Amino acid sequence: MAKKRVGAKLWIIPDSYLPEQSTGGMKSHESACVLNLQSRAAKIKLTVYFEDREPLGGFEAICPPARTVHIRLEGLKNNRGEFIPVAKPMALMVESNVDVIVQHTRLDTTQPALALMTTIAFPLS
Amino acid sequence: MAKKRVGAKLWIIPDSYLPEQSTGGMKSHESACVLNLQSRAAKIKLTVYFEDREPLGGFEAICPPARTVHIRLEGLKNNRGEFIPVAKPMALMVESNVDVIVQHTRLDTTQPALALMTTIAFPLS
Amino acid sequence: MAKKRVGAKLWIIPDSYLPEQSTGGMKSHESACVLNLQSRAAKIKLTVYFEDREPLGGFEAICPPARTVHIRLEGLKNNRGEFIPVAKPMALMVESNVDVIVQHTRLDTTQPALALMTTIAFPLS
Amino acid sequence: MAKKRVGAKLWIIPDSYLPEQSTGGMKSHESACVLNLQSRAAKIKLTVYFEDREPLGGFEAICPPARTVHIRLEGLKNNRGEFIPVAKPMALMVESNVDVIVQHTRLDTTQPALALMTTIAFPLS
């Protein structure tokens, strides 16, 4: 499992968005899902990009070795106590100190029923 | 953040389509979501390809440094005042003068409720 | 536009499936969406793989230069007059004589409302 | 068809999840869809990663040459008789002894109607 290259340290998600509304029992949400196949913990840093303001950084998570972490954006607080806003077109940068693999998923229940979308994020270096 | 290679200058979306109808409060739409991690503004050009007619170009957008822009296709006007037609099978080419990363998303409410689909676009050079 | 490499000649879609049922006005369907950025027509060949029988080939389409073609699987007839079966787990191979880019999309209305999924296909050589 | 490189031997799906509930006639499920374009059978091994416990391995499948197999996670039993749990954030590693191509799809009917998501998995060596 401890291959030399098991993913990348930098992953990009150009379409991020936290829906404001939900219907039914499932809350609309978005996740950056990380898998760490390395032998030491991955320190994950998230930076949020906007259309009309400076990027918002300081969001952190830990992914232990041989574990996944599905980082849900809503409720995530950065090191200044700030949250990611809802209903704003955004993009995400996921940085890790060790190689990881990242998939991006949104679940949207804004209108009755359920919509899902997913993609492997875009790896950079 | 100013890495040498932060994406690509040319991105392809072979399945583009603007649904004609919407239900509920959310309008069906499609977006090319761009993130610019470079230090200067990205000039974005969109070209739309069809099954049965010449490509339609001249659609432009700007993505400032450290910003995202979610380019919604409906309502977009080119430099000759033309719009992208609805209900036509299309493909998109997204060109930028600097490296960017592009994700393609469609939200479809043609039938009650909500459908979403997304993928990282295909990078060319 | 006439770059040396504008895609690949061989694309793989491991999850293909034609839903048997539809609800509402939209018929469940699946498409292999092709964009041809080369200066000559692309001859496209589709081969369908199954879990429990020999592959089914002989499905053809043409994508002219600077055009897209969204090849809908249902209703497609091969050179022996055979159709692609419904309700069978399948995979697709899309071959072209010139480089193209391929995206795979399924629209499923088996249960009321609408589900969509898409991904850029996997390029081989 | 027997190209030198027809995919990869190791594929990663960072966002795996088996929904606990279903509505309507379609059961929520998730699949790793494999296509084998080689001339000999592919022995597939699945390992499931979690957020808070050791990985769960020992899930196996065979994909004959020129066949696809859509491995549905629910109901899959490993060599110790264990099942993959529902309602847990997970990630998947798909290993094969020969090159294959893998696409990941989830169908979710937790809330009335149908949601679909898909992506080509991330290839590692």
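Each chain carries a letter (A, B, C and D) given by its place in the written order, and its residues are counted from 1.
One rule holds in what follows: a residue touches a chain if its C-beta (ideal position, glycine included) is under 8 Å from a C-beta of that chain, and two chains touch if they have at least 3 such contacts.
Fair warning: this is a prediction, and the values are worked out from it, not measured in the lab.
**Student:** Call it same or different for subunit C and subunit D: same when shared residue numbers make up over half of all numbers used at their interface.
**Tutor:** Different: when the shared numbers are divided by all numbers used, the fraction is under half.
**Student:** Which chain lies the greatest distance away from subunit A when centres are computed from Cα atoms alone?
**Tutor:** Result for max centroid distance from subunit A is chain C.
**Student:** Could you report, rounded to a multiple of 5°, the rotation needed to superpose subunit A's C-alpha atoms on subunit B?
**Tutor:** 90
**Student:** Just the number, please: Cα centre separation of subunit A and subunit D in whole Å.
**Tutor:** 22
**Student:** Just give me the whole-number Å value for how far the CA centre of subunit A lies from that of subunit C.
**Tutor:** 31
**Student:** Show the residues in subunit B shared as contacts by 2 or more other chains, in ascending order.
**Tutor:** Subunit B, residues with two or more chain partners: 104, 109, 112-120.
**Student:** With touch defined as at the start, can you tell me which subunit A residues reach subunit B in the complex?
**Tutor:** 10, 12-15, 17, 49-52, 54-55, 89-91, 93, 104, 106, 108-122, 124-125
**Student:** Which residues of subunit B touch subunit A in the complex?
**Tutor:** Touch list, subunit B to subunit A: 3, 5-7, 23-26, 31, 33-35, 37, 66-70, 101-105, 107, 109, 112-120, 123.
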